[in-house]
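Chains here go by letter, A, B, C, D, E and F, matching the order in which they are written, and residues are numbered from 1 within each.
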Amino acid sequence: MPSPAHKLTIIIERLLKPQVEALLSEAGLDGWSIFPGGGRGTHGVHRAQAAQLVREFAIVKFEVVLRDRAKAEAIAERLTQEILAQQSGLVWLEEVAIWRTGKFRS
Amino acid sequence: MPSPAHKLTIIIERLLKPQVEALLSEAGLDGWSIFPGGGRGTHGVHRAQAAQLVREFAIVKFEVVLRDRAKAEAIAERLTQEILAQQSGLVWLEEVAIWRTGKFRS
Amino acid sequence: MPSPAHKLTIIIERLLKPQVEALLSEAGLDGWSIFPGGGRGTHGVHRAQAAQLVREFAIVKFEVVLRDRAKAEAIAERLTQEILAQQSGLVWLEEVAIWRTGKFRS
Amino acid sequence: MALALDFLALLLAQFQKPTLAFLAGGMVLAALGSRLEIPDPIYQFIVLVLLLKIGMGAGMALREAQITDIALPALAAAALGVVIVLLGQVTIGLMPGLRASDSIATAGLFGAVSVSTLAAGMVILEEDGLGYESWVPALYPFMDIPALLCAIVLAQMARARAGGPTGARPRLLRLVIDSLRGGALSALMLGLLLGLLTRPDPVFDTFYEPLFRGLLSLLMLVMGMEAYARLSELRGVAHLYAVYGVLGPLVHGALGFGLGWGLHLLTGFSPGGVVLLAVMAASSSDVSGPPTLRIAVPEANPAVYIGTSTSLGTPIALLSIPLWMTLAEMLLTP
Amino acid sequence: MALALDFLALLLAQFQKPTLAFLAGGMVLAALGSRLEIPDPIYQFIVLVLLLKIGMGAGMALREAQITDIALPALAAAALGVVIVLLGQVTIGLMPGLRASDSIATAGLFGAVSVSTLAAGMVILEEDGLGYESWVPALYPFMDIPALLCAIVLAQMARARAGGPTGARPRLLRLVIDSLRGGALSALMLGLLLGLLTRPDPVFDTFYEPLFRGLLSLLMLVMGMEAYARLSELRGVAHLYAVYGVLGPLVHGALGFGLGWGLHLLTGFSPGGVVLLAVMAASSSDVSGPPTLRIAVPEANPAVYIGTSTSLGTPIALLSIPLWMTLAEMLLTP
Amino acid sequence: MALALDFLALLLAQFQKPTLAFLAGGMVLAALGSRLEIPDPIYQFIVLVLLLKIGMGAGMALREAQITDIALPALAAAALGVVIVLLGQVTIGLMPGLRASDSIATAGLFGAVSVSTLAAGMVILEEDGLGYESWVPALYPFMDIPALLCAIVLAQMARARAGGPTGARPRLLRLVIDSLRGGALSALMLGLLLGLLTRPDPVFDTFYEPLFRGLLSLLMLVMGMEAYARLSELRGVAHLYAVYGVLGPLVHGALGFGLGWGLHLLTGFSPGGVVLLAVMAASSSDVSGPPTLRIAVPEANPAVYIGTSTSLGTPIALLSIPLWMTLAEMLLTP
């Protein structure tokens, strides 16, 4: 009974969270999940659990499952061009098989 | 040396954690991972790190890697039919390549 | 505009974190993400958010996105043979499609 | 007239007190879109310490109390819990167009007790020097558990009437045990037992008691922010719930006050005790009740009952604390 | 000569005080590769309590203060914030080879205020019995916000000169509001309002005030560890920033001290108040300023301005606190 | 006979004390299936504050102590650590059917020291007014590190005998340094240095000392819950470990008490100091030792040594504290 869908993963610093959420809402998505974390990249180390002076620089990961591939790609494009242009962050897409397809409007 | 396997992801509210763990144990699984998070869905916002009055409504994600696709699908079916029927939650499946296959009994 | 890449997931106990980071750095990677969590396995239960006496036994997950499949496999091999040989931990690989390819040196 | 003015003056003075001020502060922050967050582990720590303190204090008092002193108030507490739920089902449940499960779950939360509201009542009483029997907070579970159970039984009956699935009907004893296993009631019962069976005085006096007031101020901040945040969930909900959320605490508190007054005349129950009984009755569960109902009454819409309780019930109950105190000072103290 | 020796003796005694000792301890731990970590929720709790305490204390004092007492110091604070940023742009910004955006952002952070440094100044003053008007910490936002705004405007001008995108130019009022919505300023303003409009004394005296010093010691530990950790980021950065990071706090503190001295002569501003003004001027924002700049000046390299502020600016500002105190004791007290 | 009754009465009184009562409470909660959880960041904060407090207190005392006062007790502590490990290897290690690595790792943990048990000992002594030289807690690393090192060396020797891989043989000095870099020992050493080299008294007296007892009560709750939770891991483990886990603390504590008694006669070491030495000897490491062994003796099964230490060793060591106190009161005080 599983049906094909796509999972978009977005890794950003917390300070962009409101902007990413606004973009996802505008795109008509009805749901996503968020996981706090840390990481290393060209902008140095972000601690996952230990104190870091600036809370807004913590790493968060969005996981968004949706059925419409074109929409997933459109969101990724807008993200990388508008929000992440001058900021750190990653976006990737994976194939998944979902259950409860009724829960997904897009 | 990698060999093919499947990753089942389950997103639920903490209050269902005992039931999901019981189901996974019954299915004979010997391991899974759990990640705390937050999210947005038809039931509103679940904060990922900030105080929320009811601890049991926090979001947790299970990631279960197993080699037997049929078993993975069976677990997903039981989950959506028994535990998630009247509750919020998502289930999806992905293809992965694993190392240390000796660690996986199912 | 997405281009194909690979995501390596590594689940370990925190005490191996320095060794895994050293291995990833040696392999020339410029970035990875880390997510704290918990789980169950042959070594019993690791709590995800509740107090556990030994901090170093908490579970952390690395997610490393890279474009070079051979390098991903080489890292997984070294990990399982050198670091995880006598320790608990899992490694798996998935196919992903990435944006901002300029951010990935390897 | 002079009485009314006195009443107003006493009431206004209360809103200057830190407890209610922090609640209002939290609401204002949320309304202005502040990004301030209280970390979840800190919130849990606060709730844990408050519950252990309330439990230990009551437990130490129970050591010296007579079982006969407590029996009647405990009965009154249980009766209040059940009566509030039944009353709720009659008033909201019988309106046309509302789902039975929603109204039952809402009434269940309003019959149950909010630990934050109870703690606020204790601190405000203490600030005003209005004494109470120290074991009164131990009445919490006597009101809380019967109310939730009553709601669950009503929901089962409604389901049976509707011809719904009855196979999964959970046993009551199991629900009581499961409810006691929840974090909040566990901590309260642990505190009670420690107070009753051991001598925790040194750690109580140097840690739990001194930190109580300060941690409560932070909890009020969280309550205020959460109350505002959940308001939006009420938008899609029938207006009747808004009316119930605002009037319920006042009616229930008055019921509690009345019953407490009876006890006062009958057994000399203290004025402060009467106030706390009214506060518990007026309060609606926002921390420990919701998950119990989510599991036991899955067909009810959580946005309805949690929104009504958190956004309206709890703030109104907190703001009504000065009301019961003013009443007690005017009617019960010589 | 005797004066110089006195000065040195007074200075040395300060480094025995717990506040600076914990800062040094954090640096040493990080330098030795310790795996000690302060959990993030604890750090946030510490900052929250410190900000509420600072705000409430200042708010309660403002109740009794005359608006005229505060007007001049507030003006001085705002002037200091702006002057420090302009000065920074002139000194670093005009050097060849440096990017305008980097130097502007760095100057912005040094014009803004560090809550940890301010809190440390308050505790050290109190330990030495050097009094100040209790509303002085309320000057924080008067210096902090103008400095950040000034930097953002300068960056917009630089962008316009460079022919960069000007469409996304954010409005200043919006930036002020957004900055006030940030966690740190929200908490401070909430504390101010609670102190000004309500009577939080009972909870202030039993919780916020007694915990202040202890929580600050843990914050200093974090600051020390972080200062060391970020040092490595400075490696790739132009040497000029290192010079600015070390000398900036001293020059800015001297400016603040000078202006405060003027106020002292003019209006009788207390010696402790002069020291706190110098401390705020010397401090550079490390908790609340950086995210504002990341959003408003995205073209600047955060490693430059955050590294300079966190690894050099803040430690030097903290270590310079005894300097302003010694100066005040020698020059301003009879 | 009268003596035995006295002994029993003294012993029973201790179990009313909050420290042991909270431990028992935690076990009961876990046994009854409570879902109460202490958040991990809170647990880490508690351990951090306790370690800084223990370190600072000892460091401030060391300022006034003579090196000669401490030399002998430090030697005794190191000897105890090593002897307990060797003894463990002889008793468990020589039984048939047990893996050498498991028995060595277990003995290592029992030779090392538990910070929670030490803290509990300090609080219980203080409650009873039994004094000790304030530097005694500084003996912790002198017993802890030699014990762990001894176990690691024994494991290397066993590996060499078994013809296992010897290439990865880690150097001892490196292990000592790595062990000192761990969070727990870092915090303790930082506290020691701050106490020794600076004047942390103001923050010690207003924060670390007053919070000590209350935070310990919460730590005991965690210890109790964890002890119960790990019991199940012991199911598959050889029965001998259960015997060792129960008797070990008593034998080791008696060894410590005996050696302390010798010091008492020889140098006038205080009765409270003798008790603390016994407590450290009886305790088994549950916070800082396990990760060291996991890295250094990867072939040992953690379920065996951690289960034995956490589920049996630590509770028994905690429960035996009153024993050493009663002994000290009867044998060492006039």
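The rule is simple: a contact is a pair of C-beta atoms (placed from the backbone, for glycine too) under 8 Å apart; a residue touches a chain by one contact, two chains touch by 3 or more.
What you are looking at is a predicted structure, and each value in this text was computed from that prediction instead of being measured.
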Higher-contact pair (C-beta pairs counted), C-F versus A-C
A-C
If you take the mean of the Cα atoms for each chain, which one ends up farthest from chain E?
B
For the copies chain D and chain E, give the interface type as same if over half of its residue numbers appear on both sides, and as different if under half do.
different
When the centre of a chain is set as the mean of its C-alpha atoms, what distance in Å lies between chain A and chain D?
39
Intercentroid distance (Cα basis), chain C paired with chain B, Å:
19
Nearest whole angstrom, what separates the Cα centre of chain B from the Cα centre of chain D?
34
Chain E: positions in contact with at least two other chains
37-42, 44, 182-183, 211
For chain A, jot down the residues that touch at least 2 other chains.
35-36, 49, 94-95
How about chain E: which of its residues touch chain D in the complex?
39-42, 44-45, 48, 181-183, 186-187, 190, 193-194, 197-204, 206-208, 211
Mind pulling up the chain E residues that touch chain F in the complex?
15-19, 21-22, 25, 28-29, 32-42, 127, 210-211, 213-218, 221
In the complex of these two chains, what residues of chain A are touching chain E?
13, 15, 43-45, 47, 49-58, 86-87
Okay, in this complex, where on chain B does chain C touch?
1-2, 5, 7, 21, 30-36, 60, 65, 94-100, 103
Looking at the complex, which residues from chain F come into contact with chain C?
37-40, 42-44, 182-183, 222-223, 226, 229, 233, 286-287, 290-291, 294-295, 298-299, 302-303, 306, 310
